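Two complexes come next, and they have one chain in common, chain A, joined by chain B in the first and chain C in the second.
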Partner chain A sequence: MDTTFFVKALGIAFSGVPIALFVAAIALIIAIPLGFIFALLRLQRVPVLYQFVKIYVSFVRGTPIIIQIFILYSSIPLLLTGIFERYNVPIEVYTIHPLWYAFIIFSFNTTAILAEVFRGALQTVDEGQKEAGYAVGLTTFQVYRRIIIPQMLVAAMPNLCTATVNLIKATSLGYAISLPEITLRTKVAANVGYHYVEAYLAIFIVYLVVCLLVEYGFKIMERKLRRYEGGVIC
Partner chain B sequence: MLTVNNVHKSFGKNKILQGVDLTVNQGDVVVILGPSGSGKTTFLRCLNFLEQADVGTATYDNLQIDLAKASKKEIREVRQKTAFVFQNYNLFANKTALENVTEGLIIGRKMAKEEANRKAQAALTKVGLADKMALYPSQLSGGQQQRVGIARAIVLEPSIILFDEPTSALDPELVGEVLDVMKNIAKEGTTMLVVTHEMSFAKEVANHVIFMDGGHIIEEGSADDLFLRPQKERTKQFLRRVLPEEYNFQI
Partner chain C sequence: MEKYFDSTYLWNAFPQILPFLGVTLLVTILAVLLGTLLGLLLAFMKLSPSKISQRIANGYTTIMRCTPSIVLLFLIYYGVPALAESLFSLNLQDVHTGFYVVITFGLQFAAMMSEVIRSSLLAVPKGQYEAAVSVGLTPSKAYMRIIFPQALLFSLPNIGNGIISVLQEGALAYTIGFIDIVGKANLIIANNLNTHTLEIFLALGLIYWLLAISIDQFFALLERKLRVGKDVA
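Right, the complex of A and B next:
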């Protein structure tokens, strides 16, 4: 065990944290509203779209992320080349930064996961809450915004936390598309002197620390959201 | 104040309402009685568009509406004129008692926050919950929750309040506090349409009692008429089962 390299590897691994978190954050920003809309489409059984969401969710859940990455990473350039050539867009497809692919891939994946998380959470909110909102003169949008979503979020929190942590860990697969995140950076550094054990241990620790912090953040948020459930407040 | 004509409603092949008519005058307390499944709750829900009737018209004050195909705007207007008290209270779980009452004022009616708070405090005081305003529904008893539900309705100053079995989900010993509040607001001249199983409330407060069964109004009249001199066999049968023995109606 080369301690000097291990310390160095820790530093390198940590330097990949911003990019990993950035990808995860963008994926969540896209997936949260989209997943919520998909959950509503499923619950309201909107024809055609409802079937589409169902198939999409089974597709994402039933395949390994690494395969989704390979499929999207190899098909998107082909698709884009065709489009760019037709409309004369002067962009060389193979110079597109892998970050863009990471956004697409992880949003694609997380949206499906969150659609299911929100579907389950929405079902925990009693139908009477909606009726009471309508009865005091709220519009559908206001009912969702002020009554349903705050309650739905409480139920969604534990699964949302799991999904976020899974997403952060899944960004390690970004190394397959040469995304310079935690895993790739450290592995590259380890290649030089074959310090793989130290490198993997460093990566292990960095993910663990990041995920623990995220979990802790969710715990605080959940406690705040849950404040209306029992217990004397004032 | 409220006139309803020929309301029909089916769920699938199940005919729940088969032509119900009703007139409620300003200041009336109208009680609808009937066995479970007689359609009385569905009827009440149709009046506030929580269910959409298949056929039927209604006039709220001067607003005439086709219950079967009202526009979104009309539905909102009706909901501005009416308030609804639910069997399961349906208080907003994520809001305090005070916020439950102000929600319709501030968000539904765009009232300024201070004014809404003032009105809500007055309404909550009226139902005897001046000291519980900051509590969440989960911290209140069933009776207290239902009283918040009533405050949430009266604060809107609606033309009519619709009560859907407001005491059916309560522990027997909590029924009294809710009925007392309802009697008080009835005395103030609030127009009320009440679906209930509380015969004592019907007897003491109602000036018009309706007996429904199988989606029809079987019989209606003053409380005395209906309880002491029922005309229809079905009404007599029902009363025999639910009324305390002190009522000695003739058979």
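Right, the complex of A and C next:
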């Protein structure tokens, strides 16, 4: 074991953390509202859209992420080329930064996961809560904003945490789209002297640290969201 | 000009990929078996009164939950031979890559299963055990006949999800040169000089999708069948 390379690899792996977290954050920003809308579409059984969401969720849950990456990464350029040629957009498809692909791919995946998470969480909120909200004169938007969503979020938190951790883990597949995140950066550095054991040990530690921090963050957030629960007098 | 998307490539991919489905399934089954055994052990460690074994088992689960499959796979693939070499001066050069794949996903499945088994054992009311012992069953018989069958029923949906996830994570085995359905698909693409990748990957996606749906349905059916006794009581 080469300790000096191991220390160097740790540094390189940590330098990939911002990009991994950035991709995960953007994917969550897109997927949280979309996933929530999809969950509502499914619960309200909106015709056509409901079927679409069901198939989409089933596909994402039924196929490995790496296959989704392969499919999207080979189909998006085809679609874009078609669109760009049609509207004479002077952008060369093959010069698009892999970050854009990462945003699309990981939002595509996470939206479906969160649609399921929110669907389950919405079902835990009693129907009477909504009716009570209407009865005191709130609009539908207000009912969701003030009554349903705060309660749903508490139920969704543990699964949201799992989804976020899985998302960050999934960015390790960024090598397939040449995204220079934690794994790819360190692997490239290890190629020089075949220091693979040290490199993967370093990557392993970095993911462990990131993941534990994220889980800790979610625990704090969950405690904050639960602060209203204790005072209810039945 | 050549067509961007040619569905004949998609249909032609199936007869080429499907013969390798057996390899994928075999690796999944072996990983599930290994993972279940280790998962049982971990679950008992978590339920044991000993603080140390609880800590070890919980720590193991946390570490596995936090490690991306691809990192674990490469860590095992490079790390196990290096360890064997330096500790026991064993040469693992000729070991089949499938061995590392099974170890990796077995270890991962064990972490999932330990949680599934632990929570399903806790879900069986304590009175069930007491009732069984009070009618004269020995503790081991009470577990075999009363506790485990009920716990199994509780855990079925989670076992199904776990197996699907092992199957999906197993798609990464191609990265260490293992030829399963994903490895074969990549070979086909290489033969096509990297053209028509989309069609091949779509075929691959369809195969995985169908497999996941079948496993899902199978476990739902199993649950309905096993629930029969429950409803009568």
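To be clear about the criterion, the second predicted complex is superposed on the first by the 230 of 234 C-alpha atoms of A that agree within 3 Å, B and C clash if a C-alpha of one lies under 4 Å from a C-alpha of the other, contacts with A are read in each partner's own complex, and residues count from 1 in each chain.
Definition applied: contacts are C-beta pairs under 8 Å (C-beta built on N, C-alpha and C of every residue); 3 or more make two chains touch, one makes a residue touch a chain.
All values reported here derive from a predicted model rather than from experimental measurement.
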item	value
First, second, both or neither for A:142, with chain B first and chain C second	first
First, second, both or neither for A:211, with chain B first and chain C second	second
Residues of chain A touched, compared between chain B and chain C (which is higher)	C
Which superposed partner A:67 touches (first chain B, second chain C, both, neither)	second
Which superposed partner A:196 touches (first chain B, second chain C, both, neither)	second
Partner chain in contact with A:58 - chain B first, chain C second, else both or neither	second
First, second, both or neither for A:228, with chain B first and chain C second	first
Complex contacts: residues of chain B adjacent to chain A	48-50, 76, 79-80, 82-84, 86, 88, 90-96, 103-104, 107-109, 134-139, 152, 156
Contact set on chain C toward chain A in their complex	4-5, 62-63, 65-72, 74-75, 78-79, 82, 164, 167-172, 182, 197-198, 201-202, 204-205, 208-213
Residues on chain A engaged by chain C in the complex (per definition of touch)	58-59, 61-68, 70-71, 74-75, 78, 81-82, 165, 169-170, 172-173, 183, 196-197, 200-201, 203-204, 207-208, 211-212
Residues of chain A touching chain B in the complex	126, 128-129, 131-139, 142, 146-147, 150-151, 154, 228-234
